[in-house]
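Presented sequentially are two complexes of chain A, the first with chain B as partner and the second with chain C.
This part shows the complex of A and B:
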């Protein structure tokens, strides 16, 4: 096997993995603060993809602005969904179950709305940048490098917000102990709303970057949703660094798996890898063992 | 709370529902309506088996479609390739599903976190679905299996020969009802006996149960095996009844969503919940057909409204009870 091919696959894996990381960091953020799994995350991704398609491919707005429009609009949608749906479940029993059903309901609604309005067709989105970089015989499209750059910058920005701003402090405090945070004057209800919006915005950002590679359609959210869950579990739920490393690890494992078997089996490889890892380390690769 | 009295009342309701179901083919002659009843009964089996792991043992799993699909594909493939009667291969489908339940139950035992269990079981189901889709030489891949052998005619003393062809579904109806009654009896027997007590004790506090001599691993694995066996039987019946299978229709994520919705709409952790829920959801979804394209959108909205207003399910709705003070729950 030529070494270039292996290196190219690893590079590709890191690039795809960086998008998994971006998508999954939204899921892990929600789990960390709200202790719920959001099954509508894939639909925020899908709608983000459609918005970029309309702004960039149909209306011809420049790609950066299109992405910004998509992220802001989906952030607002996330805020609305949290206020209209999730907020009412806060005082309910069986929280983990009711929120799963509720987000599934939101997901079914949004998916069928998209199907009804735009139909089942696949829409292609042109690359944001043309051209291919040739480095020692390894060819990488500039679009893919752009993806890597955008995810590095946004992950760094997110890390900065979480670590150094008052909002980030409040968010981490809520994640650690909501009651204590509330005692110290954190308005945890608005933290929940903001977290949900922020997470939806991250999904839209990932969609904007991936739309030129994967094409846009109403069902495009399911696959990244499943992958996103695998990533957050791999990395350790609620761990931000875990989501990043888990995402990149999953991307690389998948791309290398393609070298040894056909592409249809890449999902099987990814999910088997997860089950094996969890068997050995039930709390994930970078998570902390839970003691109850 | 008076669990003993409540559980007897629940058993009475279950027996009444099964009794009423015996009468349905005498009153309903429309084949399509009977078909919906059969589907509801299969879903009731699936939801009741999921309820054993989730409602009683308190292990939240998200991959029950794998057992349904393995039962369906296992039985159908054996009947097609080995030429055996579906009456025999059906049990093989159940055993395949039960073995898979054992295989996924083992790693799940080690996990404490709810979300981890949910995702690992979901991953397992995706593995099964992808494997069935990709192994095209044997399973015909995403094209699916067609012309699966139907149940062979049986001779019952007093009734003559009973065949299970298309046209008159009432024979298929009664067989489905027998399977539903048998699996309900099995699951209720487990849930209300020593095993159910042990499972609930483990759910409420695993370490306390452990210290009192209840072996959590043994009971949890048993719940997994019994539950996946029942799901596999339901899947196998579905295969020979509908006679067509695709990876998406038999192992797809939507089966898990429906199972979850049925159990939650009916009432999780109750014996009547899955039974009531499956009829309400199947016929409810059917009655929305008039809405055309808007059907699934309305379904999504109804789900959201349902969990907001009746999070404990239909059989546990308490009217005129003042809601508790608003307090954030998740943390």
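This part shows the complex of A and C:
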């Protein structure tokens, strides 16, 4: 097997993985602060994809602005969904269960809404940038490099906000001890709303970047959602660093797996890998072992 | 006007009544102890004052303002700092970040830099470990950090829930000295303790809470001479 092929697959894996990371960091952010699973995350991704399709491919708005529109709109949608559907569930005792049902409901609703309004067709989105980089015989499309750049920048920005801003402090405090955070002045309900919006915005950003490679359709959120959960569990639920590294790891494992088998096997490889990891470390690669 | 006055509050956990018509007052710059056995409702009382639990009836006034319907996150702004049972630090944050969180919702956020210096002078042990994660601290250090975090808000009232729990006697002595020092700087302290001996040592007045009912209140001296208190809570 030529070494270039292996290297190319690794590079590809890192690029796709960086998008998994972006998508999964939204899920892990919600799990970390609100202790709930968001099954509608894939539909925020899907709607982000459609918005980019309409803005960029149909209306011809420039790709950066189209992405911005998608991210802001889906952020606001996330805020609305949290306020309308999730907010009042969180103060009831069995919210872990009710929020799963509620977000599943939102997911089915949005998916069918998209199907009804826009139909089941796949819509192609042109590359944001044309051209291919040829580096020592390894060919990478500029679109893919753009993806890598965008995810690096946004992950760094997110990390900076979490680590060094007053808002990030409040967010982490809420995640670690919601009662104590309240006692010291954090309005945790606003933090929940904001977290949900932020997470939805991240899904939209990932969708905007991936739309040109994967095409847009009502079911496009399904596969990333499953992968997202794999990544989040792989990295350790609620761990931001875990989501990033878990995403990249999964991307690399998948694309290397393709070298030895066909693409249809990539999901099998991903889930086998997950099962193996949680066999050894049930709390994930970067999670903390829970003790009671 | 008392700094804090709790007037006939009743609190429930689900359908179970945890506090029955309890009343309590604390004056400015006073140390008041609430003693009583495990499960008497001491923690519930503090959580009710803090707004984490809503009382079904009764009123809570802080400097004359009704606070019993206020959201929990508003109280730190008024000057009530609660060090909860089990310290409840932010374990994945550094000591510095935990201290910053203490000032998060308080007007003192603007002077957080100088305040960190100030509380570090009070707790030199924390200064040495300022970049360390709170989860790595020992029991005594955790209590110090939890207390220091509360002081970052420049509170008028400091509520401490079982500060001595799980600490070695020597460490408890240190914590007591610190409580007295804080009080000497003008902060009123509401001290909730299972360890009555300890609480009565520093407090001026005390209350005895048993199964959700305030059964006795008075000067500490009266508690120390009361035969039933001595037998049940002081072990003499």
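Convention: the second predicted complex is superposed on the first by the 292 of 292 C-alpha atoms of A that agree within 3 Å, B and C clash if a C-alpha of one lies under 4 Å from a C-alpha of the other, contacts with A are read in each partner's own complex, and residues count from 1 in each chain.
We adopt the following convention: a contact is a pair of C-beta atoms (placed from the backbone, for glycine too) under 8 Å apart; a residue touches a chain by one contact, two chains touch by 3 or more.
Fair warning: this is a prediction, and the values are worked out from it, not measured in the lab.
In the superposed pair of complexes, A:179 makes contact with chain B and with chain C alike.
After overlaying the two complexes on the shared chain, residue contacts for A:166 are found with chain C alone; chain B is out of touch.
Of the two partner chains, chain B is the only one touched by A:268; chain C is not. Of the two partner chains, chain B is the only one that A:85 touches; chain C does not reach it. Of the two partner chains, chain B is the only one that A:107 touches; chain C does not reach it.
In the superposed model, A:45 lies in contact with neither chain B nor chain C.
Of the two partner chains placed by superposition, only chain C is touched by A:187; chain B is not. Contacts of chain A with chain B, set against its contacts with chain C after fitting on chain A, overlap at residues 177, 179, 188. Touching chain C in their complex are the following residues of chain A: 166, 169-170, 172-173, 176-177, 179-188. In the complex of the two chains, the chain A residues touching chain B come out as 31, 34-37, 85, 88-98, 100-102, 104-113, 115-116, 174, 177-179, 188-189, 192, 222, 226, 229-230, 232-233, 237, 264-265, 267-268, 271-272, 274-275, 278-279, 282-284, 290, 292. For chain B in complex with chain A, the touching residues are 60, 106-107, 110-116, 118-120, 122-124, 126-127, 130-131, 133-134, 253, 257, 260-261, 264, 268, 293-294, 296-297, 299-304, 306-308, 311-312, 323-331.
Taken in their complex, chain C has these residues touching chain A: 50-52, 71-77, 81-82, 84, 88-93, 97, 100-102, 104-106, 109, 149, 153.
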